[in-house]
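Each of the two complexes below includes chain A, the first together with chain B, the second together with chain C.
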Partner chain A sequence: MNEQEIIDITNRVFEESFEIEKDRLKPDAHIFTDLGLDSLDVVDLVAALQKSFGVNIRNEEKVRNIRTLKDIYDFISAIKKEGH
Partner chain B sequence: MKRVVITGAGVISPLGSGVHSLMEGIASGKSAVRYMEEWARYCGMNSHVAAPAELKDEKKIPRQNRRSMGRMSIFAAQAAEQALADSGINVTRMQPDRMGCIIGSTTGSAISISKAFEIMLFQKDLSLLPSSMFFQCMSHSAAMNVAQYLGLTGYVMATSAACASSLQAIGTGYEIISSGRQDVLLCGGAEELHPSVTGSFDVVFATSVKYNQDPQKTPRPFDKDRDGLVCGEGSGILVLEEYEHAVRRNAKIYAEITGYNTCGSGSHISQSEDKSIVQCISGTLKNAQVTYEEIDYINAHATGTIQGDKEEASAIKQIFGKTAPVSSLKGHIGHTLGASGAIELIAALYMMDKGIIYPTFNLDEIAPDCEGINHVMKPVEKEINTILKNCFAFGGINAALVCRRLNK
Partner chain C sequence: MNYLKIYSLNLYSYVLFAIYSAVCIPLLVLFVAFMSIFLGRRRTMKLYRRAIAWWSRGILLLPFPFVKVRYENNSGDTTGEPYIFVCNHRSFSDGFLMAVLPVEGVQVVNIWPFRIPVIGFFARKSGYLNIRMMQTEEFFDKAAELLRDNVSIIFFPEGTRSGSRKMGNFHSSAFRLALKSQAPIVPLCISGSENIPPKGSLLLRPGTIRIRRLRAITWSEYNGWSVVTLKNRVREIIGNELALMEQGA
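Coming up: the complex of A and B.
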């Protein structure tokens, strides 16, 4: 899976699960302050990312550090490289 | 004791969104009952008819409010929004601890409960449960969702008494405002269709099963060919307001609530009985300080079941004889269960305002066991000053409410 695929799949999660328009999905968009997610949304975000990427990240400590879309792209990319 | 008046109403019913759609459908003799093709796959399900409401415009509710709403909470939020707009109340201008809501339902969202158990029982993976699933399933889901959506910070409560839920909500709201503890309460109920809901009546032979191929002919309250109830869905919400509060802001007042009563039968869990219905209605009339002769219209519970209609007719006969005109609206919209008391009260208030009583749809020939009361068989124009609304529920629960026009 290349980086563009990770970006496309992640952005689709935000469009479909959180009803956020495509043009707001910039890499430096803050998922809380810019995109309006809250703590409950993060639970659903993790579930949606797990399903979309076939990974298990629910108990990953690094999930807590995610702030921007780019953080998610990088996080998924790293997880994929580690072979989770 | 404070006086309590109704200053707003909102409805999502099987006949459409809004009070106007509901009353236009009733006035023109429409039935919202249809054949439910998708229910034929359930083994042991004999009734394949229902009165669905249309779910629409739900995306107008912000996602973070909507995510915790099952179907019935969306209906409740939309009906509550209509009721609030109708009342002209601006929530932000209210004293925060003096305005809330009481909204009842049989359970939380039946669809969401079913989905949650599908995940739990078949997939056995809790991580697949959406974060807000439980909020859709809770018994007070409609009440808390409406409160969150509209920013209500006073009393927030849910009454759960199956088909008497919304009338209990209105009655409880009446008692709370009457006691001086709140100024405004949005009261009513909500319910949604699901095969498990109709199934709960089907297993005890309370559903209509003979009209699957002719759905508009059922339910048939008080009729000799009635064979059971038909489930509907939707929400009805009324704005209850302390009288002086309403007068101060020059509000439009639909009616004053003057009496309410609720009781249990203590005799049978699924079969209503005339003795306890008489007790309930008599107590309501006493609380309202009216005689039976002063009731101008009775909006019956009458769902079209063999047993329930007979008992309600017997109770009405014992108290009113043939004095008060009686009709049921369930032939038009089915039995909207926890929402029925509120939706049908709103329709009855409309009839009071317009001076017309609409007949019981599908009542073609009065059953011998429902005779002796003043059945409305065709529209009756009449000055209506005082009305009685009945609701009865599984568990032997009875509830009744009296409203009167304020200018009388």
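Coming up: the complex of A and C.
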């Protein structure tokens, strides 16, 4: 899976699961302040990402450090490379 | 209105506020404490909630006629309590405005109101909820229990005062509770409170605050919606109505 595919799938998760318009999905968009998610939504986000990428990220400590969309792209990319 | 008049209005309002509260609060506390001897826990909590409403009603009348408050009920509701009220949040005064809603309700508030000596006391005694001081599951369990007990829950889903006419993002807890409890959601719009007082200040400006209650969205309507869909629809309804209100409608 290349980086563009990761970006496309992640963005689709935000569009479909959180009804966020495509033009707001910029890499530096903060998931809380810019995209309007809250701590409870993060649980849903993790579930949607797991389903879309077929990975298990529920116990990843790094999830807590995610702030922007780019953080998610990098996080998924790293997980994919580690072969989760 | 020039600054001299604004400062006079504030001096007048805050002096009255201090006198009114110094007399009213001890009387209310004594009254509820006395009545609690005869009442059970449930009815004592109801009385504390009423005491907050009585005190708040007086607070809202003090700056009249410089500050006017107008309730507009456009709901035509026949669904009956309990409700989940969802309201935009611009000012410190919004808590008082919600306290006088004609229902038995508790507000979901931030940490700081619990730390204000008198307000915190009444908030705790009335069972007000703070999602940041509770585990998520504990919060939903308590809120669901209140709804089952016919007590409405009042949310400010922006989580903090916007301080302006621009509405912030909505947090999802009100809508998660709705989907768990199937209670009707009532959108409420507050217009005009942004300067009474402005965020970061205690200086009241003259004006009219309007609170408009809209039609409840019932479980039969939102059944099957996701949290996000429900949140976005309610935010859209409140945003559209506020835009109308601010055009004078």
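By our rule, the second predicted complex is superposed on the first by the 84 of 84 C-alpha atoms of A that agree within 3 Å, B and C clash if a C-alpha of one lies under 4 Å from a C-alpha of the other, contacts with A are read in each partner's own complex, and residues count from 1 in each chain.
Quick note on the criterion: contacts are C-beta pairs under 8 Å (C-beta built on N, C-alpha and C of every residue); 3 or more make two chains touch, one makes a residue touch a chain.
Since we're looking at a predicted model, the values are computed, not measured.
Looking at the shared chain after the overlay, A:Gln50 reaches chain B, while chain C stays out of its contact range. In the superposition on chain A, A:Phe18 contacts both chain B and chain C. By the touch criterion stated above, A:Arg58 is placed in contact with chain B alone, chain C being left untouched. In the superposition on chain A, contact of A:Ser77 is made with neither chain B nor chain C. Shared-chain residue A:Asp41: touches chain B and chain C both.
Once the two complexes are overlaid on chain A, the chain A residues touched by chain B in the first and by chain C in the second are 18-19, 36, 38, 40-41, 44. Residue ranges of chain C in contact with chain A, taken from their complex: 136, 159, 169-173, 176, 226-229, 232.
In the complex of the two chains, the chain A residues touching chain B come out as 18-19, 36, 38, 40-41, 43-44, 47, 50, 58.
Residue ranges on chain B touching chain A, taken from their complex, read 59, 63-64, 67, 127-128, 130-132.
Residues 17-19, 33, 36, 38, 40-41, 44 of chain A are the ones that touch chain C when the two sit in their complex.
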